[in-house]
Every structure is written in structure tokens, then in C-alpha cells.
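In what follows, chain A forms one complex with chain B and a second complex with chain C.
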Partner chain A sequence: MSGYASGILAIFCINLIFAYGIFVPAAAGQINLGGAGFQAIGAYGAAWLSSVAMQPMWITIPAAMLIAGLVGFLISFPVLRMRGVYMVLATFAFGEAVAGFLLWTQFFGGAIGMVVPAHIELPAICGSAAAVTLFAFYLMATRFGMIARSINDDEAVATLMGVNARATQVAAFTIGGALAGLSGALYAHNFSFVEAQYFNSFLSIYILLFVLIGGVQTAWGPLVGTLFFTLLPEVLRIGGSWRYVVFGAAIVLMMAVRPQGIVTRLMADRLSLRRLLAKRRQAGAGA
Partner chain B sequence: MNSDAAVRPGTISAPSVVGAVIVILALGGAFYGGESIVRQLVSGLTLGAIYMTVAVAFTLTIGVLNFLNFTIPTLFMLTGMIAWGLMAKGYVRFAGGWAWLAALAAGVAVAVVASLIVERFTFRYLKMRHGDATEHAIPLVSSLGFLLIFEHLVLLSLGSESERFAVPFNADIHVGYLVIGAAQVASSVLAVAVVAALSFVLRKSRIGRALRTIAENADTALLLGVETNKVVPVVFVLTGLLAGLAGALFTVNYGHVSPFMGDEVGTKAVAAMVIGGLGSIWGSIAGGLIVGVIETFSVYFFGGDSVQMVVWTILLAILIVRPQGLLGAAVSARSRL
Partner chain C sequence: MSEKTALALKGVTKHFGGITVVDRVSFDIPAGARTALIGPNGAGKTTLFNLISGVYPVDSGSIVLAGASIENVPPRLRVRAGLARSFQNIRLMPHLSVIENVMLGQHVQVSGLASRLTPIAWQRRSKWKEIALSKLRDAGIDVDPDADVSTLSYGLRKRIEVVRALMSRPRLLMLDEPAAGLNSRETADLTAFLMSIAQGGPTLLVVEHDMSFVHELCERTIVLNFGRIIYDGPTRGVGDDDEVRAAYLGRRRVGMTGASPAA
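Let's look at the complex of A and B:
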């Protein structure tokens, strides 16, 4: 595989894990516009543990996940007190505050950034992305996923039915934070360098858009959204700013014609393997 | 409920709070800190005047339409970049010594037109299709799309460099030991005048009443005979005007433009709006000035890299402790505007 293709594959896998980190809370109706903050925590956690504490990767990556998950858990309590625009703004503020802190403090190298000694190879990143994807599908098939969907559809009704919305949302936020942290740790180890400027508000915006355009109703959404927006520009061979113009136009168009995202629950049901097999069996029985 | 009862008995009116805060800060600074502190305060307030104008644009769309409009930073940037482009290509030479003003006016006009385009393709279209566009995150996401389109079209056509925008006056005003640029004074006065006028219009005029009715409840407003389809674009025109004006003032004050000038000012203005209280115009005014002062003081005391952290940590703390902001009403749309 050429260096170019493997570079794209690596960033695709990292973005996919990151997108699932945003998807899990979004599936429970929580829009997180501070994703870059969680990813930055994971990246800097892994970078510090690797370069200063000299820990091997099998410690740095899980530890980075744990730290980002813990931060997600703690921040979810104040954030979940708010709703709508307030919650979007609070998560946005969180992302900006984390980036601002990393830029300011000399402990993590400030504006210069940090060099990460341990390097992770592409197969490990792809394996993690595949595992996270399977985990997300599993999660959405469990009772937890069902409850999350019911909250997303109508929180008031879900609560009336006896669902503990708050506990579910806290759990979703924690899992989301941990996954974003994992993507950050993989980013740090793959690119061997972290700087606070990378984890800016535009990164948060892009990754949220991947998820929302893909669709939050099923676990297919982030996969389709990330694939679409990472690979489409490469396939079309459009570079530089035109890529973003097309991206922006695609978003405006999508919101106008299909605001629920590319993949909806109905579509996933219709195209499911089980259903297709059942249909074939029926046709076979009829004949 | 009487919607004119924004000032309840026993409460202090918002403008007087804003005025009092500024006076207390100024007097306190003058007594305890001396020269350099007062100088920081003045430059913070001029910066704050720009944040304030952008924050009012944000708060207007949130207050009336419950729509967090992410295109506002690009409208701000469009004004500066279009004005610079017109100057650089010599299209405004006919205006002679006033070419810079003609260019800036054209820039503001472009911002207004861009804002109307956004209205047409995010808000109106979505409302026609889905009944109520205000309930979901859809217009917000759509405006993020427009943010990308505008920003990268400017990058493609006008380049990514930070450019100088020369303004032919640089007179200074001396007040005691203070030396303030005339442009700074003029722009701060202009910003305050425009925002005060807007507040007056919203309170007293027919269109202002219509906007406040929509803010209260869009469906009821329609039932009561408010022509929402004609009134909603007014919000976007005002948004374009305010963001464009702020962009023009920023360009004149700091003498340079760049395709990214809106990003930082825009996010600071969001911070200002939240600190003041979503949907409250006087809250945004107070918030803008507070953020401007916080910024210059954190640069002064902790260095340039600390600004982002200080501003956003304060903001996060305010959201957690008092989500309605300093001057915002918790639930009621009554005193929003």
C-alpha cells in the first residue's frame, strides 16, 4: 500500500472511532460540539504518559481512554442539566477551554506541542476501528441502545415509561468521551506529535457533521458519514478549498432534503440481511 | 401577561446595570491600578464594543427564532475581505479619499445579501418542509454548512493571507495621560449607538412588536396576523447589518483583514452572549464589554496564550452555575429583547 493510501486509511480509522465517540451521546439526543476537547485529552494523556512517564503503549492507550471517559463522566452532570442550544454551547465551551488550557500550560509543551516516542502501526489502528464499530453495533442492539433511542425520539415519553433518562445519558456521555479519547491516543501514537492547534473548534464541527449527516438513528450512520466525507474528496480528486465548499453544499442540501441523515432506521431495517433472507425463504416456500 | 412589563417592580433596569458596571470598573481601575490598568480597561472596552455588536447579532436570531446562526462569523469576515478586495482591485477608486468607506459599505451590503441567502436556504425552506424549523438542530447544522461554503469561497477568490487595510486617518485623542485613537472612539460610539437604536426599535416600533411576538410563540404570532414570512427576513437583514458593521469597525480599528478574522471574534461573541444571557440584548452588550475587558486583562496579567482558557473557563462556570446568564430570564421570552 502506498504511503498516501495508508495515511488516508489511518486518518479514516481515527476519525471513525472519534465519530462513534460523538455518535453514542447523539443517539441518546445529546449534541456534543466539544468533541475535539475529549480527543485532545486522550491525545495529550497518551503523549505525556509515553514521552514523560515512559510507559509502553498497552498502558498509555487504555489510560488515555480512561482519563477521557472520566472527564466525560464528570462533565456530563453539569452539561446534562441544560438542553437544546444551551447544551450545544456548553460542550462547545468545554472544547474551547480544553484547547485553551493546553495552549497555555507549559506542562504539556504549550503552543510548541509534544513529541510522542512510541509509534503505532496501521493494522492496530484498523483493528481498533473495527472493534469500536462492532462495539457500537452491539451497544445499539442492547437494552441500553433501545433506551437511548427512545430518549432521542421523545425524552418526556421515555421518562413517563419509567426510563432513567439521566443515567442513560451520563453513561452515553462517558462512553463517548472514552471513545473520543481512544481516537486521540491513536492519533498521538500514529502521527508521533500532538499540538493544541489541531484540536480546534473546526475539528469538533466536522466530526459532529460526519455523524449528523450519516444519521444518528442507527450505528451505520457514523460509518457512512465518515466514509462519505473522508473518501469522497479523494475519489473525486478535488483538493484544497473546493473540497470544503462541496462539503458545505452537501450539508446544506442534506439538511434540506434528508435532515435525519443518510441512513435511517427504516432504511437499515429494510436492507437488513435477516429480512432479505426471510424474504427469500418466503419466496422459496411460495414456489 | 403584559409583554411590556420587562422591567418588573423592584428590579433594576438592564441598561443601568451595564452603565454601573463600567463606571465602577473605570473608577476602581483609576484609583487602585493607575495608568496602565486604565489603559487596559479602555482598550478592553473598545474590543468589547466589537464583540458586543456581533453578540447582539447572535442573540437576535436566538431570541426571535431559537436559531444558533453559525454564519455570523463569516458575515463579519466577508465585510472585511470584500472591502479589502474592492480596494486592492481598484473598483472603488471613483470615491477618491472616501474609497475605504465605500468599500466597507459595499462589504456590509454583501454581508446582508449573504445573510438573506442563508435565510432562504436554511430557515425558510426548512420551515416550509418541516413545519417548525426552530425545534431541531437542523438550521444550526445547515448554517455550519454555509460557514464552510462562504469561508472557503473567500479563500479561493481572495487568498489566505492577512492583508493590510489602510485607513487615511490616525488622529489621537488625549484625555489626561490617556491616548486613544480617534477611530477607536468613533467606532465604539457607533457600535453603542446602533445597538441602542436597535433596542429602541424592538421596544417601540411595529416591526419590533412583531418580532417580539414571534419570539414569544411563532405559531400564535401567525394566528394573530403577524406576517412571519415577511418579518423573519428582517432578523436576517439586521444580523447581516450588525455582523457587517462589526467587521467594518474591526477592519478600521486594527487595520488588517484575513479570511480567518471572524473565527476568533465570532467565538468570543458567542461567549459574550452566553455570559450576558441568551436572547437578551442588554445582556449581550454587558457580556461583550466584559469579554473584551477579560481578554485585555488576561493578556496583561497572564500573557497572550491564556486568553482562550480564561474566557472559556469563565463561560463554562457561568453556564454551570447560572445557565440563564447574567441578565437573562430563565424561561420567559418576555424580557428577551
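Let's look at the complex of A and C:
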């Protein structure tokens, strides 16, 4: 595999895990516009544990996940007190606060950033992405996933079905934080270097776009969205500077044509293997 | 108050701004009874449903469900205590399939982390799915369980909502205009279905405008007007009550009817 291809594959896998970190709470109706903050916590957590505490990766990566998950858990309480756009702004402020903290704290290297000694290989990153994808599909297939989606649809009615909306959303936010943290840790170990500037609000916006444009109704959404947004800019590279215009127009077009996201539940169901097999069986019985 | 009383309201009052929407409403509903709640538009029927199910807190008064005070209990725990309801404007989850909507109604029956983390969507058949499917069949609903609810007819969605409310095996089932928008055939089916589930099943409290439906289903009717109870008695007596007629038709017209020589 060429360096170019393996570089894109690594970024795709890291972004995919990150996107699932945004997707899990989004499926339960919480828009997280501070994703970069969670990824930064994972990245810096792993970087510090690797370079200063000299821990091996089997400790740094799970620990980074745990820390980001814990922060997600704690932050979910004040965030969930807010509604709609205020909730989104609170997550945005959180992301900015984390970036600011890392930039101004000498402990984490400040603007210079941190070098990460342990390097992770591509197969391990791909394996992690596959495992996270499988986990997201599993989670959405459980009753927890169904409840999360029902809260996204109509929280008041879900509550009148006996659903504990708050507990479900706290759990979703915690899982989301941990996954974003994992993506950060993989980023740190893959690029061997972290700096606060990378984890900026643009990153938060992009990753949220991956998820919303992919669709939040099924776990296919982030996969399709991330694939689309990772490959499209590469394809557009041939167009030179115009690629930004085309890219922006593509986003606007997607939102206009499919505000519900590229993949919907109904679409995933119609295209599912189970459905196709049943259809074939039916056709066979009819013949 | 005993097990025999499914629901007891005492002095339940709710103001919105300066308007008293529900005014000192008190009634007892015996377990197993089928009661209708009727009244002109804006009489406070749906508000009363929202107070009982906990969408709004009461300003004063008490609500007792099967012997336990619930007026300060959060809505989701009222459901656990045995209350279920449907909504005047259908409120099925638009992005959940038919079967998922029905299975959502089972939520309070499911306990423990293990059953919440079982991938039910991957299981070809599960206890929960079988129960949901059989309940849909009992209600005479023959649709693709994986269909989007938004693709179904109004009448079907209305009935699916009733089935969803039943899935929690409630003691008290509150239906907000279940027959509204149904054709006469669908209304007859719904009546038969509700009569069948009421046998040894939940106590029914129904808001409805369709009086023939009310006559067939409910032995007792409570009439609300401007938030107050103006009639509480046998359904067959509702039409003869002067105050009820005045509430629906207006005072003057009742007087005129009484004075007409043809009467």
C-alpha cells in the first residue's frame, strides 16, 4: 500500500471512531459540537501517559478512553440541563475550553505540543475501527439503542412509556466521550505528535457533519458519512482551489436533498441482507 | 380507598395564566370500570389527562392511582405504577418501525441491564417480539412489522397507539379520542377490541366525542365544561341532562327547544 493510501486509511479509521463517538449521543438526541475537546482529552491523555509516565500502549489507550468517558459522564449533567441550541452551544464551549486549557498549560507542552514515543501500526487502527463499528451496530440493535432513538424522536412520549431519558442520555454521552477519546489516543500514537491547535472547532464541526449527513437513525450513518467526507476531498483534489467551493456546495446540497441524512432506518431495512434473502425465498416459493 | 378504586381525583385544579383550566375536579373510578370523559372543546379533558399522566404538575388536589398518591411522582414512574395513555394527536415514534413502537410500550416490563443490552433487532424471534406481534394480531392489525409508521393509514396508526399503550399491562388505560378520524367499521372494531381487553384487564378512561362509541363502550360518563364537572352518572342519562345540553348547545337554544310547540 502506498504511503498516501495508508495515510488516508489511518485518518479514515480514526475519523470513523470519532464519528461514532458523536453518533451515539446524537442517536439519543444530543448534538455534541465539542467533539474535538473529547478527542483532545484522549490524545493528550495517551500522549502524557506514553511520554511522561512511560506506559505501554495497552495501558495508554484504554486509560485515555476511560478518562474521556469519565469527562463525558461528568459534563453530561450540566449539558443535559439545557435544551436545543443552548445544549449545542454548551458542548461547543466545552470543546473550546479544553483546547484553551491545553494550549495554555505548560504541563502538556503548551503551544509546542507533545511528542508521543510509542507508535501504533495501521492494522491495529483498522482493527479498532472495525471493533467500534461493530459495537455501534450492536448498541443500536439493543433495547438501549431503541430507547435512545425514541428519545430523539419524542422525549415527552418516551418518558410516558416509562423511559428514563436522563439516564439514557448520560450513558450515551459517556460512551460517546470514551469513543472520541479512543480516536484521540489512536491519533496520538499514529502521528507520534499532538498539538492543541489540531483539536479546534473546525474539527468538531466537520465530525458532526459526517454524522448528521450520514444520518443518525442507524449505525450505517457515520460509516457512510465518514467515507463520503474522507474520499470526496481527495477526489476533488484534481480541481485545485475550487475543491473547497464544490465541497461546500456538496454539503449544502446534501442537507437540502436529504435533511434526514444519507441513510435512514427504512432504507437500511429495505437493503438488509435479511430482507433480500426473504424476498428471494418468496420469489422462489412463487415460481 | 382500596384496591377496588383504580383512580381517585380529589380537588384537582390547574391554572394556565389567569385561566382555570381544571377546576376542583373530583371523582373515583372503580377498578375494571369503563368511564368516558366528554365535554365541549376546551373543557379541560386533555389537560386532565396530562395532569393524571404527569405531563403538567397539578396546582392543587390529589391523584391516587390504585391506593398510592402520584401527584408528585415523575411521569415515567407513574407508568411503572400502572398508568398508560394514548394521545389525541397520534404520537408514535416516527423513525421507529411498527414493531419497535409496540416494543417501546413494553419498556416498564423489561428490567435489568442484560435484557436492555440484548441485541433484540438481531434476534429472529424473541419473547418480547412474539408478545408484541401477538398483541398486534389480537387488535386485528395486519401490517408489515418493519414498516415505517408514517407510511400507514391514520386509522391503523391510531390503533397501533392503543396497542402500544397496552403493552405495559396497565391498571389504568387512558385513551384520548381513540375513535376520532376512524370510519364506522374501524370504530366498531375498536369497540369490540376494547371490550375484549377490558374483561379482567385495565380500567378504562376514555376521552371521546363520538357519542355512539361512548354509549357502546362506557357505562359511566363524566362531563366537563370550563374545567368543572357538570355531570357524572350513567352514560344513558347524559343526553337528558339540561346542563350538559346547555354546555353543548347553548342556553338559549335549550330554552327555545323547550318552548317549541312541537315538543
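One rule holds for everything that comes next: the second predicted complex is superposed on the first by the 278 of 287 C-alpha atoms of A that agree within 3 Å, B and C clash if a C-alpha of one lies under 4 Å from a C-alpha of the other, contacts with A are read in each partner's own complex, and residues count from 1 in each chain.
The rule is short, and it goes like this: a residue touches a chain if its C-beta (ideal position, glycine included) is under 8 Å from a C-beta of that chain, and two chains touch if they have at least 3 such contacts.
As the structure is a computational prediction, the values presented were derived from the model and not from experiment.
Novice: Will chain C clash with chain B on chain A after the two structures are superposed, or do they fit?
Specialist: fit
Novice: Looking at A:153, would you say it contacts chain B, chain C, both, or neither? Reply first, second, both or neither.
Specialist: Touch partner of A:153: chain C, not chain B.
Novice: Considering only the touch criterion stated at the top, classify A:61 as touching first (chain B), second (chain C), both, or neither.
Specialist: In the superposition, A:61 contacts neither chain B nor chain C.
Novice: Is A:81 contacted by the first partner chain B, the second partner chain C, both or neither?
Specialist: The answer is first: A:81 touches chain B but not chain C.
Novice: Which partner chains sit in contact with A:138 here, chain B, chain C, both or neither? Use first/second/both/neither.
Specialist: Touch partner of A:138: chain C, not chain B.
Novice: Under the stated touch criterion, which partner chain does A:179 make contact with: chain B (first), chain C (second), both, or neither?
Specialist: A:179 contacts neither chain B nor chain C.
Novice: On the A-aligned overlay, A:41 touches which partner chain: chain B = first, chain C = second, or both, or neither?
Specialist: neither
Novice: Can A:19 be said to touch chain B (first), chain C (second), both, or neither?
Specialist: neither
Novice: Looking at chain A, does chain C or chain B touch more of its residues?
Specialist: Chain A has more residues touched by B than by the other partner.
Novice: Can you give the closest approach of chain B to chain C, taken over C-alpha atoms and in whole Å, for the superposition?
Specialist: 9
Novice: Going by the contact rule set out above, which residues of chain A touch chain B in the complex?
Specialist: 31, 78, 81-82, 84-86, 88-90, 92-94, 96-97, 99-101, 103-104, 110-111, 201, 205, 209, 212, 240-242, 244-245, 247-252, 255-256, 259
Novice: In the complex, go through chain B and note every residue touching chain A.
Specialist: Contacts found on chain B: 62, 66, 68, 121-122, 125-126, 129-130, 136-142, 144-149, 151-153, 155-156, 263, 267, 270-271, 274, 278, 302-303, 305-313, 315-316, 319-320, 323.
Novice: How about chain C: which of its residues touch chain A in the complex?
Specialist: Within the complex, chain C touches chain A at residues 53-55, 74-77, 79-80, 85, 87, 91, 93-97, 100, 103-105, 107-108, 110, 115-122, 146, 148, 164, 168.
Novice: Touching chain C in the complex: which residues of chain A?
Specialist: Touch list, chain A to chain C: 138, 140-147, 149-150, 152-154, 156-165, 217, 264-266, 269, 275.
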